[in-house]
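The structure that follows is given in the form of structure tokens.
A, B, C and D label the chains in the order they appear, each numbered from 1.
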Amino acid sequence: MLQYSIKRIVMAIPVVIFISFIVFYIIQLPPGDYVSSYSAQMTAAGEIMTQDDMDQMRANLGLDRPVYEQYAIWIKKIVFEGDFGYSFNYNKPVIDVVKQYMGLTLVVSIVTMLFQYLVAIPIGIYTAVKQYSAGDYFFSGLSFLGMATPNFLLAIILMYFSYTWFGDPLLGLFSDEYVNAAWSWDKVVDLLKHLVIPVIVIGLASTADLIRVMRGQMLDELNKPNVVTARSKGLSETKILFKYPTRAALNPIVSTFGWSLSSIFTGSTITAIVLNLPIQGPVMYKALLGQDMYLAGSWLLFMALLTVLGTLISDILLAWLDPKIRTEFRGN
Amino acid sequence: MRTLPIFKRAKTEAFLESAAKDINYSSQWKLIYMKFKRHKLARISLIVLGVLYFVALFAQFIAPYSLQSYDSKYVNAPPMTLRFVDADGKFHLRPFVYELKSARDPDTMRKIFVSDTEKRYALKWFVQGEEYKFLGMFKTKLHLFGVEQPGRLFMFGTDAMGRDMFSRIVLGSQISLSIPLVGVGISFVLGLIIGGISGYFGGWLDSIIQRIIEIIRSFPTLPLWMALSAAIPPRVPVVTMYLYIVIIFALIGWTDLARVVRGKFISLKNEDYVVAAKIAGVGNTKIIVKHLLPGFMSYLVVATTLAIPNMILSETAMSFLGLGIRSPATSWGVLLQEAQKVENVALYPWKLIPLGIVVLTVLAYNFLGDGLRDAADPYKK
Amino acid sequence: MKRSRGFMIALVSMVVFVTGCFGGNNAETSKESKAVESQKPKEAAVAPGEAGGGKEAPMLAELVKAGKLPPLEERLPVASDIMIEPVVEEIGQFGGDWNMSWKGPADKWGVGMINEEALFRFNKEGKAVEPNVAKGYEVNDDSTVFTIHLREGMKWSDGMPFTADDVLFYWEHMLTKETFGKKIYDAYYSVDPVTGDKALAEVKKVDDYTFTVTHKYPSVQFLERVAIDNKWFFAPAHFHKTILPEFVGDAKTLEITKQWGYEDPKQFLVETGYYFWLHPEIPTLAAWVAKTDANSEQFVMERNPYYWKTDSEGNQLPYMDRIIENQIQDPSQQLLGTLAGKYNFATFDTANFTVLKENEKKGDFRVIPWTQPTWSSAGVQLNQTTKDPNLSKLFQDIRFREALSIGVNRQVVTDIVTSGLGEPIQASVPEGVIGYQEGWAQHWAEFEPERANQLLDEIGLTKRDKNNFRMFPDGSDLTLTVFESDTNKSAFLELLKKYYEDMGLKMNVKMVEGGALFDLKYANEVPIHTENISVANVAFRPDTMVPLRIITPWFGHYGLYTQSGGTEGVKPEGDVAAILDNWNKIKASKSKEEIDQLANEIYKLHMKNQWVIGYAGPTPMLLVASNKLRNIPEGLVWADEYRTVGHAHPAQFFLKQ
Amino acid sequence: MTTQTAQAACKADDGQPLLSVQDLKIRIQMDNGVMQAVDGVDFEIKKGKTLGLVGESGCGKSLTSRAIIGINPKECETTGVIKYDLASEGSASDPIDLLSLDPKGKRIRSIRGNKIAMIFQEPMTAFSPMYTIGNQMVEMIRIHRTKNKKEAKKIALEMLGKVGISDQEKRFDQYPHEFSGGMRQRAMIAMALSCNPELLIADEPTTALDVTIQAQVLELMQSLQREFGMAILLVTHDLGIIAEMCDEVAVMYLGKIVEQAPVREIFYNPKHPYTKGLLKSMPRLGGEKSVRLDSIEGSVPMPIDMPPMCGFYERCTDRIEGVCNARSVPKTRISDDHSVRCFLYSDQQRGEAQ
């Protein structure tokens, strides 16, 4: 197992290097650079940006150098100094920007994830055990509805209803008075209140997906002969349900955890924009649009790393959860 | 009558299935069909999808108006009610609508619409309207239904430019229901072939393919699309551009399927019957086509039907990011993106009708996939 | 050093605290007499010291009590130099937050303009400037020497005195050294009427509160142009001396740059020297000063305890304690937040008019429309120098522009695009704004499709392709490509496409991202763009109407020609050359009348040529304010030159309890 | 333990049936009607004896065997009486009706695995791949015999040894996939016998195994039966196994027992055409291997809404038109221990049939 993991990690290194290059190249691909995007914004606000101003700015930011040179400098700094570069937009080192948003991003993602698993797995089991019952149809319908409604629209609708019913559209993650306040019990409550809509909106689609997967897996497992064997042994139904089909059905779900690793750190971009959530997704989206390239680049690189790592984790998890593969490694 | 060698069946499957199987010996596909027929929701879904695709095919004929029938008089008009009883209490067999009169509220500038009960327009079949090309072949002015000029029929109300929402939904279905199929088709073929190769042959080929998949999965798609949409010259119509985007989407999106296919191939290739075939000297292609593919064809069918609604939804997301279709070309994504404004939710809720249609379509596809899944499941009766 | 100063302040305030306590009770009784006195500002201005705590915000009074702040009269300029800000409705009450939404630090100007103190600011009508930071000025007869007086005893927000040295410092060590990424502004150059040579002004200190600006040639509009180009003709010398390399050396500046979290010293100096109001560390003269990092979710600005304006009763402004800018990511959040009363002030364009109006009662706010000096709310600019020679020849043909203008039904466009708030008129200067011309609004404004087609035929666009679109006489493809980055324009562009194509002119829309569009403009790759012209007075700000540099789509590379001094770009001819000619005369002009007359010529040339075609008249800017937020004037002009909301003098806004 | 089994072995001779199935009917609701999967099955198993239930796949033999301990899916509507003698519990006089017990209840669960154990045809799928063999064995022992983990493991190891698995300690911690097919089935048997059941239901226990292993497993079962004195219900389609293992045979066709007799009777004096057909298709010992086996012509009809007739009618070579396809076939007693359902033998009891 260890050997396998090491082998996989070693193989991931050239992949990551290649990805870093691609990432940097692609970020440069859309026309214009940070300075033109910045100048366009400032001009729209009434400021006059002349060619000279822009040239000067490009020189200040090192954007006048050829792409490969910029890439080399960037990578060199990452590797040797752990410095991921500088965000033009925030006037801060990239690391600081990422840090600024990481806390709340993790809160949103983890709460959403908990919501997903806590809701989806029991419902998945229920709908499989009671296949074709009224409850099955109800939950299936609900989960499909969640799947079918585009996030951004659902977000707007929920915000509007929250406004008409409670007088507060619950924008962002905190009420105004708590944004800059120190952490307190009230602030936590306020955060939880504001988390309801994001969790529903972000979580619904994947919850629906999870319910379907869980239901399908359970249906497969429930009809396996080992369930009959277990029954013939005199086990109680509950024990059978949880020890045999549920445990087996959870395997693929647990192993997909690795896949969602990168999304935990981003949060849902579109939903976050609509709901005004101060998390990584929109920050990175803005960075991409505004060609704040070191921020965007470092972030994309980070995401790529997580994807590679996530795949690795998924594979290892899958191997570890499947005795067949696990014992093979033990054999080695 | 066919011969049934009773002692040759070394393996019997789960008892219930065997109870049915030997008694009524049918092919796998026939069985799936039979089981599918029993899934009521899936059957209804199939009918719903049939209707939707039929409407999409004859969209220009079914839609009373075109995509460019802007009319400043009827901006943001609510859906009209089809009436049978007129203002005098008289019953009419043929449903009709009243003429809409509009004026702006001087304070809020909102368009106020009042039915003019003096003027009735009966709903008619096969009326003359705007000219279009029927199935892209010949020109005609005939529309399935409508009311006579100058009357207007807005069954789902109008948008901010005075266009009939019903017509836009109908015409938008052409893009929304067709382009996703292209994307799914490409992903499907790529995922199947590459995943199959990776899983069947294994070894260094598998390693390389897996690394390539990892690279593709971590591709930054957003800047890629931004670059693409900037690079495409303005003369390329938006629909074509969107098609390109979907193709790129598919070129990236096949990796998921490929991984599943690979997994299935790996587990199937060690099954006795495949090993037996290999020992017997059957060629690789034949093994794959004859022995491996049927083993999870059902899974593929299901995965595909479930991928289509995802594609439809991702189109709406692309429209949100400004990378999708742009009006006057219309897709459901465009309509949803237009609806995504507080003022529409607050004042003109009928603009959310397209959401209902998208939900319906996605539901139909999902239930269809679900039905297929249940039907293809050999353990299910 | 800093610590000892703090100690001094504490000592002084201890003394004042005692006196303040005694004066407190008189505040109520003295109020009425003060109202009468307000006619004579000087006496009123003396009052705060006497009235004690009642004349300053409670939060400051507390600080004074606690000894953390010197008493009010020590913070204000000398009585005679206090600026009395007239209130719009009534004398206000202290306290409360001014809650708004903003798009984050990218929207620097959004928060900058409303909280800006210029040396001279535009008056209510916008026709002339009035003293603001400056107390007053004198100018000699030929408009070459401007003597500007500052306010004695006026202080920066950190309590350090503001003097002519700060002006001189700014001039000598920042502006002329170009430390903050901007070239020396045009306003500081005077032009030789004969040769057109430019000469840089000289700035000299007379005494602590007086300085002179001396031009080589007459510069009639100097003050107005400073009010636009370089609102703040000063900088806190005591602060900038601690960061500028000239004073601390390059190494130290680099160190400070890193300390502040910046990467590049030059960029750091741009940020601190130009966008100073976003940094809590930098003292300003503004009513509110930054308290938090602008990148945080809430950008908070707090009242400047040394603010140098009072109301007519001697209450130190601003009335409101804080500005709170809540970061939003999507415009819909501003709308929802406003409806829900989360923000007590916001500005909207007309698209949201109906939903705002319908919720006025429920949301307890009011919609205040301000006019905009915009020529149109939907229109196109035809790039006269576009790359394709066939196309530029066509665009330069006045008949083609007329055809494009009359081939579109403005009634329909206006109704759909402006929700009925605009007029179906030509792009023209609105009535009441400088440059207004009789009949301009109706110029080529009728919908005459037959005549439009006839004109196009006359030009020679008679050949048609297989889709029945017109081709150039040489048989090449004729496509009008509109570049756009604003998705809100899509409805208009759709209508435009319909009408243009009805005329047989193929039209494509290319959506590009803002930055990319900016680059394309510079590269002269944009044949048609939908930018609207909005200018309060061409004589103050010529950039959109006179081809001086590349910025406005219609004149394209004519601008590059002027900017490069004739080495690059396209040489302006005909009426465009005439416009430049007039502008050069304005720059060298000796009298305001002459300038007005020349400016009018420029407007007339625009009316005649209609390089900018408008299809829907201008719409108002909507200010939405909570009913509690008072003193917001109605019917002002919303213009960048007047600093948008800043024109309403927000220091005197207040929250009515 | 040994005394208990000895007792059971003793009682085997006194003629009291351990299990008695009467008029067992299983109906399954299908889309196109009700399938009568098992239609009035009667049989008895005496203590220590082996009953073979033979028939083609889908004849309902598996359903019948599973119905005994109530582990059919809930779609199976089961009626009839399944009497089980709980003599060891000291209520010898009053056998209980297993069918009347709640299939999810405690009572039946205490019988499953404990009194009546079952082994299945595919040990690979019958074991869960997720847990070790040891885990799955101990689980059962801990329900019925001892709560103590260590003791349970000891019993399991002992049982593994008994079924001929060497290196038990290691095997105990292995997963099913690490066992060979025969080994798995041995483990299955070890598990089934670990609670000393009185009745072992073996549902095609050797079908999935190759011939040599088959023989070993059968031998194992026989020797264990001798040791523990349990009764066996052997469900199979293989007459060879029947011949080797059983005392009595019941031949099932289309949900009905068409012929029932001691094993010798069936092989030397088959009555029902179906039984005859089966025997013909059986490879003869010493017969030529290359000769293709006979098979019975025709396919089995679906027992859905069947009219009263003989289910074998269409495939029967000896059918009587107008009789076999016109009424349901009554049971005919040929001798004391031989009965058959066929009109060919029912002349003398025609009155009864009508």
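FYI, a contact is a pair of C-beta atoms (placed from the backbone, for glycine too) under 8 Å apart; a residue touches a chain by one contact, two chains touch by 3 or more.
Not measured: the values here are computed from a predicted model.
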What's the farthest chain from chain C if centres are computed as the mean of the Cα atoms?
D
Measuring from the mean of all protein Cα atoms shown, which chain centre lies nearest?
A
Round to the nearest whole Å and give the separation of the Cα centres of chain A and chain C.
41
Chain A-chain B separation of Cα centroids, rounded to whole Å:
26
Inter-centroid spacing, chain D versus chain A (mean Cα positions, whole Å):
55
Between chain C and chain D, tell me the centre distance in angstrom, where each centre is the average of that chain's C-alpha atoms.
94
Residues in chain A with touches to at least two other chains are numbered 30-31, 156, 160, 224-225, 274, 289
Going through chain D residue by residue, note those that touch at least 2 other chains and give them in order.
66, 122
Please output the residue numbers of chain B that touch at least 2 other chains, ranges allowed.
226, 230, 340-342, 346
So in the complex, which bits of chain B are touching chain C?
68, 70-72, 75, 104, 107-110, 160-162, 226, 229-230, 234-235, 322, 326-328, 340-343, 346-347
Going by the contact rule at the top, pick out the chain B residues touching chain A in the complex.
14, 41, 207, 211, 214-215, 217-220, 222-224, 226-227, 230, 309, 313, 316-317, 320-321, 336, 339-342, 345-346, 352, 355, 358-359, 361-363, 366-367, 370, 373-374, 377, 379-380
Chain B touches which residues of chain C in the complex?
332, 335-336, 339, 351-355, 357-359, 411-412, 415-416, 419-421, 479, 481, 487, 490-491, 494-495, 497-498, 508-513, 516
Residue numbers of chain A touching chain D in their complex, please.
224-226, 228-237, 243-244, 247-248, 322-324, 327
Of all residues in chain A, which touch chain B in the complex?
11-12, 14-15, 18-19, 22-23, 26-27, 29-31, 137, 140-141, 144-145, 147-153, 156-157, 160, 212, 216, 219-220, 223-225, 270, 274, 285, 288-289, 296, 300, 303-305, 307-308, 311
